[in-house]
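Both complexes below contain chain A, partnered by chain B and then by chain C.
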Partner chain A sequence: MISLAGRDILHAWGKFVFTGLGLGLLIGVTLSMAGIYRGMVDDAEVLLDTSGADLWVVQRDTLGPHAESSSLQDDLYRGILTLPGVARAANVTYLTMQVGQGERDRRAMVVGVVPGGPGEPGQPRFLVAGRHLTRGHYEAVADLATGFQMGEQVRIRRNLYTVVGLTRRAVSSGGDPMIFIPLKDAQEAQFLKDNDAIVHQRQRTLANPQLNRPGQPGVLAAVLATQTESSAVNAILVRVTPGADVDAVAADIRRWKRLGVHTRAEMNEILQAKLIATSARQIFMFLVILSVVSAAIVAFIIYTLTLGKIREIAVLKLIGTRNRTIAAMILWQALGLGAIGFMVGKIAASLWAPVFPKYVLLLPGDAARGFAIVMLICTLASLIAIRAALRVDPAEAIGG
Partner chain B sequence: MLYLPIPRRALPLLAFLLPLGAAFLWLALTTGPLAPVPVTLATVQVDGIRPSLFGVGTVEARYTYRIGPTVAGRVSRVEVQVGERVKAGQLLGEMDPVDLDDRVTAQEAALRRAQAGVEAARAQVDDAQARRDFATAQVKRYEQLLLAKTASEDTVEAKRQESQVAAAGLQTARANRESAEQELKRVEAEREALVRQRANLRLIAPVDALVVSRDAEPGSTLVAGQSVVEVIDAGQLWVDTRFDQLGAGGLAAGLAARINLRSQPLATLAGVVDRVEPRADAVTEELLAKVGFTPLPDPLPHLGELAEVRVDLAPLPPTPWVPNAALHRRDGQLGVWRLEGNEEPRFVPVEKGLSDLDGRVQILAGLKAGDRVVVHSRSPLSPGSRIEVRDTIPGVTGTFDVPAVSPSSFSGASGLNGGGSVARTPSIPEATSDISSADSPRGPGIPRNPVNPVNPNSPYSPAAPVSGPTSMPGAPR
Partner chain C sequence: MVEARIPPDHAAPGDQDHRDGPGRPGIHRAPGAGISAGAGFPAGVLGNPELPGIGATHGIRIEGLRKRFGAGDTAVDALKGVDLAVAPGEVIGLIGPSGSGKSTLLKCLGAVIEPSGGRMTLGEEVIYDEGWRIPDRRALRRDKIGFVFQAPYLIPFLDVTDNVALPLMLAGQANGLARDQARELLSALDVSHRARALPAHLSGGEQQRVAIARALANRPPVILADEPTAPLDSERALGVIRLLNQMARQYQTAVIVVTHDEKIIPTFRRLYHIRDGRTQEEVGEGRTLAG
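Right, the complex of A and B next:
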């Protein structure tokens, strides 16, 4: 049986291989699209993983810090630390901005963390090079995707930071790579204006007789000081003690500290159902359409391949070949074509996935599902082709 | 042909299919869950790590003198410009005396009059003395004549009375002289007072100093307490430094420090911690310290310039240490991935001690020298992860070992990636003001003296009428 299919393939192996290659590229595109969708969802997941938190404390009645803006005073965390069930609490700021490096700049999410040590909430989970932040100022740990190198100077607002460590897969929900810098620098970067704006503000204040009173120079100094202060953070990351009830701790903070609190599940919901919902659904819809179109094309190709051999099949029937043998030949050819297509597709998707600017996550589960679907479609398409082949009149072999 | 295991016609097809299958297999094994995680390793070493602290601060003057009038008035002249060096006692400026000079002239006239009065009184005393002497002599003569009975008792009595009148006249003249002398003293004192008031309008440098600000120009009217000129003791500058409270327990006066000014980031200046403030900043969670320059650089650093300060604490006794990138927290437990005998990583809990600025962390328990631990990994490890040991993680470029500035760095001692130290390099000048560095708030109190040295040595100086090294961002400098 195989030999019949094999001999037929050998008869025109070039056609078979190139058809398989073409199919493979189509399957590769579909697999990549699935990878893009998975990557989007994974970006949101990994953002939460990187935080290393069980609870996100944010401004009351906001969905911060990622879906909505949230601003908290930076001393609130002390009160939260005293609550039962809270193991660790750390301030964090998030700001997506352009980070300069020499002539070029790169979009990145700047995360301000307390340089308290590895394993603290908000710190990068693991490094691929270098070390964690140790100084309270002017150091950065960057994601590999930023393209920044160890020891390089990067510019965030008016300060230069030395890259002392590199991490990987630390991204925002939008897929922007993260740069971790000390919290105090991040607060400054987030809330401070540029030099010109500060100078203008000073001049406006100097010109205001209410604030610049003769004989009371202290008033002006105090007013100027308050204008340049920044003591806000975007969220407080809380890790509960092992065994503590996360929801109970969240309820405590909500009730007694009157702050907004999100658990891991709620954050997931916020990110996936609210923040990336439309773009993810957009990609998903496209994935569905692409899958349907790919399935249709695979089916048509197999069907037309068989119809192209209808004369030979008639000859086979004429010489008395059994229907089972002919059906098996067509089925095996279809499955072989599908297998080649799948392998080519998987290889192609794996090869071009790293070139994509955003993360493409090729899950083995997705590949297995894809393989099953390809085989199913090939089988279905060959069934139609078999039906057409078996209905052919052996007389056609010798007729005009 | 049919009986050959592989028909010759199948060879081209196989030539396509076999590499395809091989490529597929290779991809399946190198990507996805079956692939080993590339990691870098470090061997635990025993060393006494030297923790150091990193802080930022602004250059400030230890003593700031704000020189201005004690009473409201108008500035008549200002003799110095910003940046000039002045000597102790040098005239810096003068307030308008209004009528004070005329009053001094009037008082001098009054003084001369009083002197004349004293002379007149003295002459009167001489006159009265002469009269009395003559009268006394007359009495003696007439008394002898009375004995000789050549003069009458009546005449002698008249002479005696004349003599008493002359004595009383002398008494009066003496009293007048005393009065005139006291008047002279009064007028002299009054003149002295006016001259002192006049001198008080002259603004004098209290010490050898540098003029940092000229706050008022001739013609402008000031109230008491406002400054005309601000000078600093240029020999005593220090960095008002803020250190994060985390791990800053060892900060103490007398420790050596290294200072990098923002304008010269590559020049490391020597310094010493002069004082750690008893009062920490509760809001920013920082310790405050004053770090002096040893010696003071020439040219002088700019007041208000940002400086980075590194303070080396005392070295710790030797303990095993690991790079901080090796530490992870799993289920609330701090630990490292240690390579077991079968080359498989296992998470072992450790207890960490202090750490230094280069990321070395003391391990107090859980590891011993010679243990191999995972430092970097391409993705988070989990129990049972397959690992592949590399020198660097694929995709990592650049080096970390920028010129070492830290004498505490153990050059060559570390067989680790990222064991070196980082030199801080330039940052862009900052226009913002850091106001929160003063020893005491700038008080608008009225000084009793035109010269007000502020002593920032006392951290609690509530009575200081003019505050210490606060910078006033809006003021012309």
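Right, the complex of A and C next:
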């Protein structure tokens, strides 16, 4: 038996191809939405990978530097280093801000890390050019997505930093590319005020009789010092010794240092279930709506094509064509339309994914699932047309 | 050109005395024929051994066919006891005014709708006798009945060969064999040169030839032609009737042509006039169809 659906598609290929193109663009958007979600999850994974930590020590009762504000004294890491099972511990600060690039500025997450080699917690794990941060001030390692080149100057607050290294896929949970600078500079950048603000604050402090007491000049000096310096960090990144029980080390830190500690799994949970959960739900809603719209389009197109063939279907039935042959013809046409649409959608999504400002990760597994869902939607969408075709009376082919 | 001429020995004698009222020019009632309300054949068929259909081993005959739509007070009797017989190789005309029951009769004959009573025989096989004897009406239509419509209604996305081969393929014939047989039929109908063309690229006459070839594909004992010449001019209309006669003889198929077309009515040797749900057999001129 010849393929009636295939012949019909070949006969009206223009109609099918153009409809498939339209449907394909819709499927491309759907795949891209899924890719954006995957990209967000991957960004979260990369963020944790980049830090190179086994444990994140944060302010007690907070969820850590990426989800909530966390402030720790920068000397706490020394005590943590003394605990059994701790191999390395390093302070880190995170600050999302606008950084200057010549006349322009761009959004980035500035990460303050302890200068050192690649093994230092918080330092980027790999570089694509240059070297890691080794000096205490005014140098930076930038993610390629920031657009900075080697040797270029990055303006953060009032200071300029020279790019000495470039890395890749170092992004915040929000997708902003990272710029790594020395910890001290980052601490200063977090709390650095402009000169007028400093002068006004000093004047207010001087005018406060509680702080500016006669005969006690040391109090005023100490207060002024605390107002212009920062000894706070957002978190301490801890790497445990090989073979050490991560949970046991985390429990020791909680017990003896009275600090909040999150393991890698917990940080993952915080990032995925709390930070990007709302975005994921938003994307899921878009996926549902796009799927319904796709189904409606396929159903409408197939139904319209079927209604245009009522007389032919009546003739086919009259000359003895089985209902299942007619149903298969319509089903295959719907599946053909879905296949064309999926191919167009996959190609379109692959072409435009790199143009997106945020990372879009198109996984082969998602594509396979997408194809199965498109085929399922097309099958369901064809049911209306099949029902209409099966209700056609063969007598319609006979006049009168 | 092919000449399809009805043998004179089959033509009914022209008897002006038996003209049925105002009648149609050249149409005469067969001796003994009349409106039959009963289950028996019209006398013109059953009683006259010179007419085809008598003693035929193939072809179609119906006796006392009835069809009622609705029930109770709103019931309408579309067919009130139709008798009709067509011999193998014979082409008969079925005429009648609008609403007389032509389409209903055609749908009953085509196993599209179920009659309310009566008996239908295809060849030796009783297909309906107060109920379908062959429960699979789809298979019945596929294997034993060919259809030619007012418009060709070819499947637009199949080429000419596949349009003709489709009924064979539906019957389970292998594609290659079906196409071979289709090409033979197309050759017989003189459209083999358009075998690869799509229907949209054919002329009206060529499309109707292909439609006839499709109707003949499964070598059905009966072909039902519903106004097959309506959209055609006189020359083409006569060409189609000539072709139906030729194919009917060649393939020993009984052909029933439902028509309003005054141009072709004189070409039938036998006519059934349906009026108020009953048939009346008439003898036509059986005018020679010179090609």
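Points worth noting:
As a working rule, the second predicted complex is superposed on the first by the 339 of 400 C-alpha atoms of A that agree within 3 Å, B and C clash if a C-alpha of one lies under 4 Å from a C-alpha of the other, contacts with A are read in each partner's own complex, and residues count from 1 in each chain.
One rule holds in what follows: a residue touches a chain if its C-beta (ideal position, glycine included) is under 8 Å from a C-beta of that chain, and two chains touch if they have at least 3 such contacts.
Note that this is a predicted model, so its numbers are computed, not measured.
When the two complexes are overlaid on their common chain A, residue A:Ile319 makes contact with chain C while staying clear of chain B. Looking at the shared chain after the overlay, A:Ile398 reaches chain C, while chain B stays out of its contact range.
Counting the residues of chain A that each partner touches, chain B and chain C differ, and the larger count belongs to B. Contacts of A:Arg158 after superposition on the shared chain: chain B is touched, whereas chain C is not. Using the contact criterion defined above for the overlaid structures, shared-chain residue A:Arg311 touches chain C, although it does not reach chain B.
Looking at the shared chain after the overlay, A:Leu10 reaches both chain B and chain C.
Look at A:Asn212: by the touch rule set out above, it reaches chain B but stays clear of chain C. By the touch criterion defined above, A:Ile347 lies against chain B but remains apart from chain C after alignment on the C-alpha atoms of chain A. Comparing the two complexes, residues 10 of chain A contact chain B in one case and chain C in the other. The part of chain A that touches chain B in the complex is made up of residues 6, 9-10, 13, 16-17, 52, 75, 87, 114-120, 125-132, 134-139, 144, 148-153, 155, 158-160, 162-166, 168-169, 184, 192, 195, 198-199, 202, 205-206, 212, 214-218, 220-222, 224-225, 228, 231, 239, 241-242, 340, 343-344, 346-347, 350, 362, 364.
By the touch rule above, chain A contacts chain C in their complex via residues 1-2, 4, 7-8, 10-12, 311-312, 315-322, 325, 393-395, 397-400. On the side of chain C, the complex with chain A involves touching residues 102-103, 106-107, 110, 112-113, 138-139, 141-143, 147, 149-150, 153, 155-158, 162, 166-167, 169-171, 175, 198, 214, 226-227.
Touching chain A in their complex are the following residues of chain B: 7, 9-10, 12-13, 16-17, 20-21, 23-24, 27, 31-33, 54-56, 223, 225-226, 243-244, 246, 283-284, 308, 323-325, 327-329, 331-332, 334, 352, 355-359, 361, 375-381, 392-393, 395-402, 417-418, 422, 424-428, 430-433, 435-436, 441-444, 470, 472-475.
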